[in-house]
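Below you'll find a set of structures to go through.
Each of the next two complexes has subunit A plus one other chain: subunit B in the first, subunit C in the second.
Let's turn to the complex of A and B:
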């Protein structure tokens, strides 16, 4: 007897797609690196001088060394931890705000909807980078400010999507049926409608994740982000002066690391959209 | 004897999916002579639509494959045509009308432009000429004030009008063959009758051939010359219409003929396909007591207790206007409705879309708030109860919705769906007991308890409606509103569900309000019938009296719209 849940079905469809599977593996590898690095098991000695200054890539130092003789690979791995944590904490801040505001706006309508719509239109009308800069100015520079700044700006898209989807679902007969058996607003919204829109959260998160990573790089490059430790952004910032002297490996290492994970998240987001869309079921 | 216009020979269609190969059409053959109408009848999934798509060359490739057979159109095998050749034929020589008029028109173009586009694809005429021809076609298909209506967008038209526009598009190039795939299934009976008459008239006028696909044998009784009956991918019967109607040979055909409720005399439970054959398709004898006509009036009054009384009920919706969206007027969806309903009885409410019958049903349950009037349930005025009292009331009053596809939450398993009402009202002791209660009712509605952990999409339409019925009955209500609960089902499945509703009524002593646009269904299931029009009940009487002597013109129109099908005296001929 088959008992396939929709999620299992979706996962099966996802891993059938070779590109999606490859992207998923890349994301998992990055996550593992980030976890191991945060536990201090790898790249903990990124600050140690391991050789001469600006050594090109070799068998001993795959990505070469930087101006202080530090291993670039270790810095890239440590940067991975920073990048993934930015993606994660941004999502942890943005998802609850976006989902709850979007769901409430879509479900109740009326002045609640008007207010929330006003709130997110206001947020989205401010240029993103300006808002990020001003938040980091208030909270002070550092990784914590980056989490807050990105979290506070990236809930808008999710909120808008959830609101529309909830509006569509609340008219469906299964929601009315939940009312007819005596269910209240909480049950209708959180037990019936939300499980039907969670796929949007997953798709959106995978796309937001790479936006957060890119934003961290930009902020750190501008000197507003991570302080006192290597991130991909600060590495690219350092490398811009070295490039004229032919030292390309620091830039290449950080850029490749970022390129790969951003691409993987983008492909994964598209594949998730295809496999989770109920309309494509049975195709 | 001239050769037929379309000749399908030994056609086989297979679908290749990840899970294997499914045969959708198994070695079928039939002919459509020029100027004749062929009805193709069968239930969902019998392969009738696949056959029509094969003729149009519209099967999804590479999933669908045709390993064998020929489709000869004017002597040419269409299966050998390439895409460009098929495009020249489609819409020009063979055209098609689909089931769902709501979604087959493009919402962002004017209907006149959409008809004109069809004309310009196949003929080199100027935009002006095409537009004039479109207006002329709209006139032919009976759209009032065609010159102005051509400027309308699809959402400004009713369902029946949209289907007329679809017909205008289909006949725009005067095709030799018109394929109609369930063109009236989504429409009310009265509109269905008009559309059928229109199609028949056009077919005569242009001397077209027509291939009419339907799940309801009764529908094509008046217009088909020949009938092809399909069952599980095979053609089981093929004959001229009269022969099929009066001397059906295959047990499945007999079942299809018998399962549609007739006006007036019906057996106590409707006959279904399973009365005529077993699961393996082997014919069996219908037991004689199954066809004995049941007279509702002879039944003794069980009780005279009044369960529900509705007095002068009005439900209105505000009409917003102006820049600031102020309420400028009110639309009375339910306008001064009063009736009483006795315990254990069924009240049928019948009327066309938009007459207010659904709003009335939801107002009684307080799913929509009534504006004035009162609802008295079991001697207690429930018009103004709130919160806890209203929640307790929900245990006694339930509703079964129309669409079995959207009324079940796709992310919940059936056992979760069925135990939810118990959780809300804290009925039953713990998970185990609630699950047992769900299992019991699940089997009572005719489903297998081993399927309780499945998700709704794994069930067919008829099975889903059974799940909806089980959910409504979980709290053991006294009163159930069935809102078009069988309208979305094939006739053969509809009969099974109607029988189930009657069985459950008897077992649990339920009181029903049964809402439908189909007077024959209401007439079969209800003790009393109220005919609704424009928010009011215009006529109300015993079910047997409504069809014998209808008083209102509107009721007579509803009655005459019902497809004739088999006449009642022929019921015994099927045994």
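Let's turn to the complex of A and C:
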């Protein structure tokens, strides 16, 4: 039997699962759309009036037009850029916080652990949506406030997981060996333990993404999110009043787009855990 | 076991609660209130819907004539219109004899006693009582000699002394009293027709204490022994109501509409009023469509279900005999500039923005083409609004707008910062500004939306922390002064002039006009004021919106009324028609 590295092995198992593969493709497509949209190659003309207001879906406008006669498809695509960027930046903020605090707490224990445990327990006891609303109120409204608000509220789960995992690993032989040959705390923690808990970070990123996307939609729906450009949340907010007039396409477009990507991230997260977690190997 | 009994109970209530049959024998009318009612204390009836409920039980000295338009004050608890002294400061009121309060345990023997001048003075002092911090205090604030001092004096004291004499509120005899104003203010009489100044009985206030807001004891045409915060309020006819009759004259054409059929009859004309409290628009609409209520106010989403594209009643409703009422409201919706901001001192910029706003487009998108384009601050239906006056800036002219913008020093918008318009945190409000931004984009002006909760918005406007904001102003009383005052310099923030607009010429004429009694002279001054300020475009004038009401065929004597808290006693029901038409529902 030919030996594979851990990552190659995991990847092989991942793509064997058809559902996981499909999810991965969905995520890649969304990412591509987001990149192209942010470069201005697609959906840059979402603000343009392309026809009469509230036209139903047709061959010309696949998702119909909105109240101002703008193409709903273009708005959905632009919303994709917003949603994916929120996912990405939130992850970029939350993951370093969660990993560093979790690792430090787990490794050093004692009062450091007590303090960090107290910090994340306090954070997680505040209802998430309340915290989000108050942070956006303080920072003012707009996309940057959304990044920071979501980043600052979503590191808790990862921190807790990493802490537990690091606690387990620090007693292991390989860490003791590293200590025996003269490795310092920094070396043991960041060069030996962390690479062995990376799978948790990856799984968590996937779940983090979908949490961030959902939260952005909720914030925008409440009028606290993105201002002056379309996001799935503002589209659903618009649709609230349009439904009584039989205009369903804006709601359908935004919810389908959100549904697909959130589902894909969830399935992908599960599949990643299956293939990366050594305890589940071979099942 | 207990649980299942409870569930069974709930199910039974649901089944029988929903299957209430229409009533063809009792003379009752069914109405809907789209807002929760916070209570029946008149001094706090600050919103229209609380006022409407209080107005069934309580009465004021004056009321608006139910049929005549423009709105005309007529004596109600007052026996006649007051005598006004030559200097316009002293008003002598005579009150009606033989008016009885409702029976209530608050009175000795439980029998309502006669209302006298003391009750009127007590009610007005109560509005000023610093301990109660009444929402309606503003209608008397700084108007009556000695009242502010009285309020000030007791604001720190343990209890307020109602027996202390106040110079401006003087009893002459049991049926006569005098009021003395600080300065002439003819609009003052309108305040005595508002729910805030309804007459209450001292015994009831003292007997019920904190619960007074749930036990209304008035002199009005209907009685409600107890308000229990439920979703349905049932009023019954006041059997001891004085002799009051349906008016025998109205506006021209009212007799053709059948509005004078009950002329001279004793009111109230029905025995019972049921008011259902339904906040959501869809259930309200469905309950009307099932003939569960007799009248409905049509708003936003239901407009399309009510009207054809030509703004006529849809045939399926016509067939059921429903009647449509459409009338411009006494209101104006506008975008205000903050005139303290130097860029908006430039009149050409303001004119350019006015000309670039596509009002027809906005009317179609947001009002289903039912609103009227505002030509100035004074809405149609008030003296001071001339039908012939067309504001040259209340129309769409992109070329002219571009030209004016260049003359203002910002060719194609260059050099002009992005302008943020503050509005409420609400879907339609946001869309309206998005639409406005699209219009301004055509001449190169960049606009962004600032969304606020209502208190945040009020705070920004009062503290002058805004570039522009949007607002709609509804009339407190039918006088152009109420609208022109929005642009009077001394009223600037924290007053009602949130635009902080100042125009010395306007201010001078305004202070002359507003102390005059209603007269052709005053009307022409109002017209001049309205048109002068319209051409200076201190706001971007938006719309005068339309009231749309649907009534069932059996509801009689209905006429759209802006200040309608006294209207319900004049309504009638035709049971024969109701029985016949009920088959169609």
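The rule is short, and it goes like this: the second predicted complex is superposed on the first by the 278 of 283 C-alpha atoms of A that agree within 3 Å, B and C clash if a C-alpha of one lies under 4 Å from a C-alpha of the other, contacts with A are read in each partner's own complex, and residues count from 1 in each chain.
Note that a contact is a pair of C-beta atoms (placed from the backbone, for glycine too) under 8 Å apart; a residue touches a chain by one contact, two chains touch by 3 or more.
All of these numbers come straight from a predicted model, not from anything done at the bench.
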{"item": "Fit-or-clash call for subunit B and subunit C when the two complexes are aligned on subunit A", "value": "fit"}
{"item": "Which of subunit B and subunit C A:53 touches, first, second, both or neither", "value": "second"}
{"item": "Partner chain(s) touched by A:141 [first = subunit B, second = subunit C, both, neither]", "value": "second"}
{"item": "Touching partner for A:195 - first (subunit B), second (subunit C), both, neither", "value": "first"}
{"item": "Partner chain(s) touched by A:68 [first = subunit B, second = subunit C, both, neither]", "value": "second"}
{"item": "Subunit B versus subunit C as contact partner of A:228, first or second or both or neither", "value": "second"}
{"item": "Partner chain in contact with A:238 - subunit B first, subunit C second, else both or neither", "value": "second"}
{"item": "Touched partner set for A:179, first subunit B, second subunit C, both or neither", "value": "first"}
{"item": "Touching partner for A:187 - first (subunit B), second (subunit C), both, neither", "value": "first"}
{"item": "Subunit B and subunit C, minimum CA distance [Å, superposed model]", "value": "33"}
{"item": "Intersection of the subunit A residues that touch subunit B with those that touch subunit C", "value": "none"}
{"item": "Residue numbers on subunit A that touch subunit B, as the complex places them", "value": "1, 3-6, 172-174, 176-183, 187, 192, 195-196, 278, 281"}
{"item": "Touch list for subunit C against partner subunit A, complex", "value": "282, 300-302, 304-305, 365, 425-428, 430-431, 434-435, 437-438, 448-451"}
{"item": "Parts of subunit B lying in touch with subunit A, wherever the complex brings them together", "value": "365, 367, 391, 394-395, 398-399, 401-403, 406-412, 420-421, 424-425, 450-451, 453-455, 457-458, 468, 471-472, 474-475"}
{"item": "Partner subunit C, residues of subunit A touching it in the complex", "value": "47, 49, 53, 67-68, 141, 222-224, 227-228, 234, 237-238, 240-241, 244-245"}
